[in-house]
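The chains carry the letters A, B and C, assigned in the order they are written, with residues numbered from 1 in each.
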């Protein structure tokens, strides 16, 4: 049983704090990436390293947020949890899309011409995740009635988040070609690349958190506006 | 007698921007038959579906209390509530491919019951359906299908029968016949909650009326057909006047 | 549990009288088998054998989509969906009954498709029949589980014919990947090992449990 739509999401101070942190980090991050040494093999292309892997945080975290918020919605029925779920899905879609766009650019640079797309395990997984996001957003827009939309979307979000490890496991098992480096540890990075990589992770994590908070707040405000604009003529 | 008490406080139901019920308070005592009266679009069906355990309120509390196995009355979960009510909707809830008897059998099994053939026949006879038992539901007339639908809703011997505009689409004779059958069910001790826009039917089938207007409960006034009709018209006129102002 | 059996009985009886799902699936499947002949006209028997698992699974997947899409359409007539929603107790059993009925129908169509495929292209599936049935059956549990769950949602949405495949296919990719690999091994004459069917057992189990648990809120208004 829900209450009236309330602004009980997160305090505005948190959103503003995240915004300020991001505003401070972005120029530093830009400068450090610019200053970072140019890779002797891949050339300038390698600088995608400071963008592409850190995007993964947002892509995966987005869906985890969606699933947890969806579970909370099914349990408690509070509208704000559903609004958080939407925020997670939309921001996650953005990060996932950027990952899919930056990936092939880097791939062609690193793995040679003609390698825009390779059915590599992690690439396949990201593509599937993107389709799950797409399905989630389509489900929301094709379902009628806010409460039913929220319920259906929550269910799909939970199935979707189970799909991520499941797909990972199966793709690994049936042996997709592994082109991605096993792991990018600081130790394997070249001289002077550790710091920009770390900063990239930090900045994009903050970008994810800030966008998520902002999108959540927008959704809450939107439903407040909808409720306020509910004229006495709308009944059934 | 029905052993179900349904009550709500501040029950609200929203569908996005549309609010169908604006925080209503009500109590339906055990054994009481009630008519939910109101114009089209007043929120009557939404309310009935909440009572049937088919939906949750967007806000407020709805509580169904009943005793189980002779114990003291306690709040029932929606799962349990659904087992204690019979519901007759706008549509018949029947499968056109199946015969009346097969529909009845299926409905009973959904409630984990296996009525004997004799019990089924008794139910059919009570609703004047004896000759239609083996007919395919898709081939029955609207009035007959409606009675099969009522047989379906009674198959698990519910405490309370919820009916959503049961006379819609019936000719006068069928409607009159149905009304008599429902009145007989009530005399046999089955409590009814009837959603209707017709004050005459409300008076025939219930002990009192709950008047719903634009998602809000209104004072119904005296429980007589003519008075209730005047009250409904008065509310409609206030709307028109309000819209002009 | 009794509710699941009641639904299984009702769905199969209704299908027996109308035959609308099974006929659609059979016609579709056999047409695709014919299309396959024209898509690869000149091929050796070895190539046919190599392509067999892939072709069969493409047919199975889309035929299943066709059948699953109609799981709840019959319930829309006369609002019989409300009758299901009114059933007391755990709604997971309604899910189980619906999924079981789909499993029987889809499994039957798949067996027929495999027979027609074997006949048309002289692929000897007979030695692998038991192992293949096990692989397909496990995959079907997974397909019918998520299929029933998503179908109950999409049937009450706009553009349901578009929405169902979009919802369903990403979750069927792991099923397909595991099933094709196991089927290829079996058709290629290998003995079926536990390791080969283990992924299918895990996925089928996870999907069945998810469907059972998540079905309750789907049936609310």
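Definition applied: a contact is a pair of C-beta atoms (placed from the backbone, for glycine too) under 8 Å apart; a residue touches a chain by one contact, two chains touch by 3 or more.
Please read all numbers here as calculations on a predicted model, not as lab measurements.
Peer 1: Give me the chains shared as neighbours by chain A and chain C.
Peer 2: B
Peer 1: Using each chain's Cα centroid, which is most distant from the centroid of chain C?
Peer 2: B
Peer 1: Looking only at C-beta pairs that count as contacts, which pair of chains has more of them, A-B or B-C?
Peer 2: Pair with more contacting C-beta pairs, A-B versus B-C: B-C.
Peer 1: Indicate the whole-number Å distance between the mean C-alpha point of chain A and the mean C-alpha point of chain C.
Peer 2: 32
Peer 1: In angstrom, rounded to a whole number, how far apart do the mean CA points of chain A and chain B lie?
Peer 2: 47
Peer 1: Where the CA atoms of chain B average out and where those of chain C average out, how many Å apart are those spots?
Peer 2: The mean C-alpha positions of chain B and chain C differ by 39 Å.
Peer 1: Got the chain B residues that touch at least 2 other chains?
Peer 2: Correct list: 56.
Peer 1: Send over the residues of chain C in touch with two or more other chains.
Peer 2: 220-221
Peer 1: Name, in rising order, each residue of chain A that touches chain B in their complex.
Peer 2: Contacts found on chain A: 1-4, 77, 145-147, 226-227, 229-230, 232, 234-236.
Peer 1: Under the stated contact criterion, what part of chain B meets chain A in this complex?
Peer 2: Its residues touching chain A are 14-20, 41-43, 46, 56-61, 214-215.
Peer 1: Under the definition above, what is the set of chain B residues touching chain C in their complex?
Peer 2: The contact residues of chain B facing chain C are 49, 52-56, 79-84, 87, 89-98, 102, 106-107, 109-112, 152.
Peer 1: Per the contact definition, I'd like the list of chain C residues that touch chain A in the complex.
Peer 2: These residues of chain C touch chain A: 146, 149-150, 153, 156-160, 162-163, 166-167, 169-171, 173-174, 177-178, 181, 199, 203, 206, 210, 214, 217-218, 220-221.
Peer 1: Would you tell me which residues of chain C are touching chain B in their complex?
Peer 2: 2-3, 5-7, 9-10, 13-14, 17-18, 74, 77-80, 82-90, 220-221
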